[in-house]
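Chains here go by letter, A, B, C and D, matching the order in which they are written, and residues are numbered from 1 within each.
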Amino acid sequence: MKIKVKFFGVFRELFGGREREIELENGFYVRDLLDLLCDSYELREKVFDKSGRLKDYVTILKNRSYTQSLKGVWTELEEGDVVAILPPVTGG
Amino acid sequence: MKIKVKFFGVFRELFGGREREIELENGFYVRDLLDLLCDSYELREKVFDKSGRLKDYVTILKNRSYTQSLKGVWTELEEGDVVAILPPVTGG
Amino acid sequence: MLDSGIYNKGEMDMPSVDDLLSELPKDSGAIMTFIGVVKEVGKDDKKVIGLEIESYDEYANFTIKNICDEIKEKYGLSLAKIYHFKGSFKVGEPLVLVIVAGRHRKQTFPALQEAIERYKKELAVWKKEFYVDGSEEWIGG
Amino acid sequence: MLDSGIYNKGEMDMPSVDDLLSELPKDSGAIMTFIGVVKEVGKDDKKVIGLEIESYDEYANFTIKNICDEIKEKYGLSLAKIYHFKGSFKVGEPLVLVIVAGRHRKQTFPALQEAIERYKKELAVWKKEFYVDGSEEWIGG
């Protein structure tokens, strides 16, 4: 299945782009996607804490819904999903 | 001595004008001036209470100073004074 | 921008956002404004067609300057202005414009509130309402 | 007046007082506005030369609409608008414009405050500061 990932703020720079299209096997969870994307020590350290849990200040949206109010990192991904990885917002 | 009296808001209409120049004998107090000006039952009732005291909601300025913080109605008048008779303010 | 004070209706052009921004010191992060407008509903819920605003100009200008100076000092503002208009007004027309600017909204918020409460209480300005039914009344008189 | 939302810097003309007044229902007695401006002093008191504002447009527009609708309802306002700009900004340039109008300042005051606190906390918008010393930093990142 194909999904789209969007990166904002500092994550845009850390992940090297605003948007990426990714081809995944069916049955992938948000957690699996993050593992795939965080392919360096620096990225893992930004996104996960030492025990491997998603850091509090990172927000993951799936199709504009907070995954925190779905099943968290165990939210399942589906064909055509748009996943957004957000640092804390800082409006003007 | 000559003094000037200014009327604002509802007092402009009750006293029939915005401004009046009055010739007074020396030694007049604010109280005497008000007695002179309130020459009808209606005017006396608007300005004084039943015991003859200045009503709380009437403000008298002498040269832009509150007579309440001078000697009240026993503030003495002098040549060239500008006395203003103000109802409660009601800014926009 | 013009000095704070009492102005005849229409005498002063309302400042635009660009006017405001061009006059601000560089440490201003927040600008707040209040515009007081003639409401359709007046005293005792009577329907209003218009207002007359009268002012003791010299005295009111003196008070306005005081309020602005004191609020600027108290809240460390970069700008504090009050413009109060006088004359005859229809429903929907502006009567007052208050502008405050400062480093942070934590300063401008209480400053705006205090500026409004003070001008309402202290300015030598009077309002007469004219009603749809043909009657009229000095408010507060 | 344009719909609330995220706009590119310069894309939208700032409304004038006359624009505002011409759009108000007749029961509006108070209009309040907030303009957020780029300050010279940034994070850790570093001297700022400019900012970049980035937004997740679709999501932020959705949130802005929600905030405006909810605040309008909660305080019985006649108008509630939030415009947040994005792009590159210099010190002194406006980043945000919030406008609320209602019958009385007792409604518009808390409404303006809540609108500001909510957009700061909820909008999917990010700010990068550029400093005089050549460094740069994403705030909150």
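As a convention for this text, a contact is a pair of C-beta atoms (placed from the backbone, for glycine too) under 8 Å apart; a residue touches a chain by one contact, two chains touch by 3 or more.
All figures in this text were calculated on a predicted structure; none of them were measured in a lab.
Contact with chain A and chain C alike is made by D. If you average the Cα atoms of chain A and of chain B, the two centres end up 76 Å apart. Inter-chain spacing, taken between the CA centroids of chain A and chain D, is 28 Å.
Chain C and chain D have Cα centroids separated by 23 Å. Centre-to-centre spacing of chain B and chain D amounts to 50 Å, using the average Cα coordinate of each chain.
The set of chain D residues touching two or more other chains comprises 36, 38. Multi-chain contact residues, meaning those touching two or more other chains, do not occur anywhere in chain A. The full set of touching chain pairs reads A-D, B-C, C-D. Against chain A, in their complex, chain D makes its touches with residues 36, 38, 51, 53-54, 56, 58-59, 62, 84-85, 95-96, 119-128, 138-141. Those residues of chain A that touch chain D in the shared complex are 6, 8-13, 57, 61, 64, 84, 86-92. The touching residues of chain C, counted against chain D in their complex, run 14-18, 20-21, 24, 26-41, 91-94, 97, 103, 105, 108-109, 112-113, 116.
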